[in-house]
């Protein structure tokens, strides 16, 4: 593995320049392939790949047993959930379409019936659980690393508030998620929902739009949403860029950009747009 | 200046400790923080009391022995400064200063403000070196090293092993210390042959010593008296990933 | 006692090569059964322990710090010399040898110094291979700079932290051997005596500083690498814990002490600010490359430095020594500063300081360049003084920095006790009466990596039959008893004064009478004063707490007791040497314009002192120095 000149990806090489080559996607794939090709002269198969993953997680000093490995899981699951948020937001923005909920209901139907989306959804749930349990485990370990705390602590100058309170923020988000899923996901799956059909469309749509509107007309429910979006904002403000750092992507030229994206997109824009939904429907109901 | 000191006193690792308050009436602002402790100890000895035990040696900010958690911050209020380099001109007349030892499972207390940092030595023993015996070396100029790499390696190598990163981290993580050594050698051609095995072994021992996990708060970088960069932690993160995937 | 330096026969350039090739070896199977104790883990100690471990010996290493990485070698700033001639300025092994002999004012042993110059190049190779990040040029090759006392650029450096980087290199090599279980590391342990069985050094008594336990450790041979004794002055650039105890105990057990009065006063340190001062901080000599030293032409000038016009400044080094200017050797620069301050031209509140001014260089090269070269030093200065050296000249004054004296050793680095070795600063060997800048790191690593591990074979090869001696041997018991008695005697005094009280008194006397300049009259007076301090100490010192646990005051007390005894020997040595040379300046012996006046006919020897017992006068032995390869001339840097 000695790529002094990585001709396949000049761009990435300059991004994450290391003396012995780069850590671009190309090289990572090559490393994995080489590794598997060495073992069996045949083509690398899916089985080999899962074997490799198994190897990494089961050996006593294995990747995912180490503190760093667990951080990779935190980062990868977190970053995956960040991309999910974008998709989720774009879909939900259809609430503002002003068409009495048609676009939104069609979208909801698509999301619950497309097989590919279904798979992705389960991956998503898995990642949420992974993120939660891994976070819990790491927090417990961190407690053990300093059983007796300081009498006086002044961390205001050395780190951001959100970076120090990821656990609390995450717990708030988890509570929100449970309420959120109960209200919408559970109803959509198992609840008795009004149905609606649109002209020229044979499908009977569950009227998710009405459920949403009714939920957001309750002041306490909307308030919970808005507060939770603040928690999400602070969580992502630290979490997004932290994810990159955890998997080793830090570069003096590009990290500031990543941090800006974390701040403005994930720390402000996305939570603000999510929060705008309950506010919009609540005000409308007055 | 008049200074009130609240100092952690603890006879040894087995007995519980407590804060004791001391009053100093004649502190000069040209004094270093440790010279103030010299005066306190001089006073305590004369009063037939036991002086405060604290670690210190070179008193010029390079040996890494001094280690006080001052007013809630490792090495006190100034950045890029060790406890021994901290001078009293940065405090005000009448201030109360709380002084505690580094606190971490991996750094057990020996006495008062002294802790045992041998966990750091064991991490280095696991792989923080280039395996080259005396007399094996080739001519020093036979391998040119780009100046930028040598400079980066130096920046990482400037670590003094004081443990402020662990002390200040809310998780008592040693990532900055370990990654500084991993980075230094990963950046130089001499470190390449053992690059993967080194990072794996050092991380293994780091975990076994009971340090916490990094949550990227970045406090270590700010409180590090040698201002070691977080980039080193990222470099170790990716070296460890590659090492585990490749080998 | 006849002192035999065991210098090999042959031409100077061949001695080491031939000797190395003929030295008896210990085969690998035997090495496994031979134990070597190394005390101290600075450059010399860590390098020796690591190398002996690599060779297959069983090594036990000791240091009083909490980690071997903290030894005071770490504080060396400037650089390390090596005769690589990468700068193409005519450097060579011979020139480095010559410069070192001349810089030492012709009071060092030719053969040792030549060997030092020879192995200097291998040190750089070794350190680079370990991953020491030396400064480099844009082409990727190593950069060099010049240093005081020489006219070539042969100094390798790592910003202003060369000592740190070299020590961490040696520490990493040592750590590797600890990991391999070749070296057993004892941190927070202080050696309190050496154990001699049948005339050979066979172990040490050490105190575990955490538990207070007194421990016995056996070794077929004992290597001391415990650094210098500059803390005898109380204020010095040494670390707070640096001490003379190990070599002093060895001296009291029969090892001769070489040139104890040869101490180096470093010209560029931050001046004392008050009585509370606990130590002095060095500003690397490399600053003299770009800084100009001056004082006002008018006595007691109280104007700010920037307000004093150019024509009213006296650049006294450039005036007196036009050829070398601000780059004269350390002893000369130090004395010149003292001379100006004594004459009333000093600056700052204490009037005991001179200016080191960078404004010319900043104008010529720009602030950026100066920052790149000395940024970290400027930061250190600003932290301590609260002043910004970019806009205001630094104030500097000489301070004790290095001790050329130490245990007398032969060519093998063995003391007069068989099996007891001394390496690095704690031996007397290579620097004569004055050490050149960037040579201490060179000597420490030369001894540790390349000399001792080979020469120790001479002794150990005869010892392959010797089984490990159990530590219940009567000599171990006796040594331990003596240590315990001394500690309990000290603890039971229960006087009124803390240890530092006596240390400060001692320091003042030695600085005043046995410091930068000495006189017969002053030395006689000082001897009495030191004896009084000693008596007072043993009557009135107060060591609080208990001996069976961590007790830093007890550690200090044990060290200071030895410093007081050493102080007396330094005075004896300075008194006996009726000449001025290097760091030893006797007021009675100077030229008309105030330069040191050597007496080669009568004093071209190494003083080696023999301990005769408490309250007994030590006896002087002489090792005549024979110069076959350099001509003795009056040192001139004009």
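In this document, chain identifiers A, B and C correspond to the written order of the chains, with residue numbering beginning at 1 in each.
Here, a contact is a pair of C-beta atoms (placed from the backbone, for glycine too) under 8 Å apart; a residue touches a chain by one contact, two chains touch by 3 or more.
Just so you know, these numbers come straight off a predicted model, no measurement behind them.
The count of contacting C-beta pairs peaks for the chain pair B-C. Chain B has its Cα centroid nearest to the centroid of all protein Cα atoms in the structure.
Separation between the centroids of chain A and chain C, computed from CA atoms only, is 60 Å.
Centroids of chain A and chain B (each the mean of its C-alpha atoms) stand 35 Å apart.
If you average the Cα atoms of chain B and of chain C, the two centres end up 27 Å apart.
Within chain A, not a single residue touches two or more of the remaining chains.
Counting partner chains per residue, chain B has residues 188 touching two or more of them. Residues 1, 16, 18-20, 23, 28, 31-32, 35, 52, 56, 61-63, 66-72, 138, 141-142, 144-155, 157-160, 163-164, 166, 238, 241-242, 245-252 of chain A are the ones touching chain B in the complex.
Within the complex, the chain C residues that touch chain B are 47, 50-51, 54, 65-72, 74-75, 84, 86, 122, 124-142, 158-159, 161, 163-165, 168, 171-173, 175-176, 178-179, 185, 187, 210, 237, 239-241, 273-274, 276-279, 281-282, 379-380, 383-384, 386, 449-450, 453, 496-498, 500, 542, 544-545, 549-553. On chain B, the positions that touch chain C within their shared complex are 11-12, 28, 30-32, 34-35, 38-39, 41-42, 44-46, 48-51, 53, 55-65, 78, 80-81, 85, 87, 89, 110-111, 114, 116-118, 120-121, 124-141, 143-147, 150-151, 153-154, 157-158, 160-161, 184-185, 188, 190-191. Against chain A, in their complex, chain B makes its touches with residues 6, 8, 19, 69, 71-73, 98, 100, 103-106, 149, 168, 170-173, 186-189, 192, 195, 200, 203-204, 206-207, 210-219, 222-223, 230-231, 233-242, 244-246.
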